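Both complexes shown next keep subunit A, but they swap its partner, so subunit B is in the first and subunit C is in the second.
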Partner chain A sequence: MGDTVGIVIVSHSRDIAKGTADMVRQMVGSEVKVAFCGGNPDGGLGTSVPSIIDAINDAWSAKGVAILVDLGGAETNSEMAVEMLEPVRRDLVVVCNAPIVEGAVMAATEAAGGSSLAQVRAVAEELSAD
Partner chain B sequence: MSLQPETFKSLVKVAAEQVIASAPELTSLDQAIGDGDHGTNMKRGFEAVLGKLDAISAQPLDEALKMIGKTLVMTVGGASGPLYGSFFLAAGEALSHDKHLPDDLADVFGSGVNAVSARGRSQVGEKTMLDVLVPVLETLKSAAGQPDLIERVRATAAEAAERTVPMQATKGRASFLGARSVGHVDPGARSSCVLVQAVCARLEEK
Partner chain C sequence: MLDKADGQIFTANVRLVHAVGMHARPAVKLTKLAKKFEAQISVRVAGAADWINAKSVAKIMAMRAAHGSTIEIKASGSDAEAAVAALVDLIATDFPDEAS
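And then the complex of A and B:
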């Protein structure tokens, strides 16, 4: 089977990020690369740009990476992290507008079938549609 | 006012120290209408800036501003990291492209303000740091070259932060509160005011 889109989970809480990644692995299996991060640079609640960059690189796939976030700061920091990637990688990473747990499971399920980054994102973002 | 490296270093130092000293106030404002981490986040970011102050001020001004921006992005740990970080990154970028201080101060500051607006997908009037930064930019333009520029910028920042009290937040965490966000100074507006006023106070001493 070819490469699949990687999934990154970014929560303010490392426990939520890890728990979400655990659910994805149990429900979708291990063929999709899943990385997670949570907590500010001191380990308290928050998000950290360097940790997000590391997670994107851990989940890297030639097909791209879809990021699922919880609240505002996670989204802003994820967008910043994407801009700080090497230029060749930037266009292959998207931040999905989707609920973090359901979005991660749906995105990973779609990714496991070999779908493109745009398809993975669309499936996750359907959850936010009216 | 000309911007010598030693002056720049002292401005960064005093701005960072003032933000760090304001951390408890910023946190209590953020506990009222946000998630209560603005003070600790800004403190962590500006402590990192202070830790690199010698390296930062050894750079040409454009690179120095970008280094401050990148440090804030990498260390703040909340949305204010990319927001303030983008301000300094864009201001530094403007200086890399034919803009000079002090002549182009309003343009350089304006580049920073635009970057904050783009990063936060926010406009003035939404109870954010832009509600201080945009009025300050307007004063920098309208009072450019006037002898009382610094005093007017300082007054603008203070008045603008107070004007966020009756605003209802429509961006950021405070927007979750809806009408309950009314009645408090916005923490981001307050931290912007602290930074602007610290720089003004130091320049007035010169």
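And then the complex of A and C:
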């Protein structure tokens, strides 16, 4: 089926990020690349821009990458990580306005069918629309 | 709308045997399968007013079909007949894990 949009999960908690990634892999399957990051380097709660960039690289696809975040800093740090990518890749990464777990499962389900980044984002954001 | 097979609509009814109804995992499987077809595919719990796009995972999860309910399926488009047969099979066999 070719390339599918990659999914990145960014939580303040490494356990939540990992658990969400596990749910996506088990529910949707392995055809979609899923990367996650969470927690600060000392093992506490937090998010870090370099870890988010690493996760984007891990999930990278020519079709783009959709990022799902939890609270405040996860979103701002994800936006900062996107800003720091080379300009040609920047436009291929979006931060979705969606609940992290549900959004990740739905985005991955849409991505598995070979949908575009815009379609994947729209499906994830359907959850916050109504 | 130049699809020559557009006119024909295929339909089927199938009983939802899954123990807890249409929860998250079956919804993902149904949506993924539906997306493999070109046809426009809609489903609803028998008697419900609105048809739901079978390719929308959010809407399928939200349909809250209960165990034992009957699911109506309809499809139109070039591979509609195969799409209906595949979805009936998936639901009737209780959403088995993919062999792949």
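Assume the second predicted complex is superposed on the first by the 130 of 130 C-alpha atoms of A that agree within 3 Å, B and C clash if a C-alpha of one lies under 4 Å from a C-alpha of the other, contacts with A are read in each partner's own complex, and residues count from 1 in each chain.
In this section, a contact is a pair of C-beta atoms (placed from the backbone, for glycine too) under 8 Å apart; a residue touches a chain by one contact, two chains touch by 3 or more.
This is a predicted model, so every value here is computed, not measured.
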Side-by-side fit of subunit B and subunit C on subunit A, or clash: fit
Greater residue coverage of subunit A in the superposed arrangement, subunit B or subunit C: B
Arrangement angle, subunit B at one end, subunit C at the other, subunit A at the vertex (C-alpha, nearest 10°): 150
First, second, both or neither for A:Ala122, with subunit B first and subunit C second: neither
Which of subunit B and subunit C A:Thr109 touches, first, second, both or neither: second
Minimum C-alpha spacing, chains overlaid - subunit B and subunit C, in Å: 27
Subunit A residues within the subunit B interface of the complex: 40-42, 44-50, 71-73, 76-77, 79-80, 84
Subunit A-facing residues of subunit C, complex: 24-25, 28, 31-32, 35-36, 55-58, 98
Residues of subunit A defined as touching subunit C within the complex: 27-29, 105-106, 109-110, 112-115, 123, 126-127
Touching residues (chain side subunit B, partner subunit A) in the complex: 35, 37, 40-41, 44, 73-79, 81-83, 85-86, 119-120, 172-173
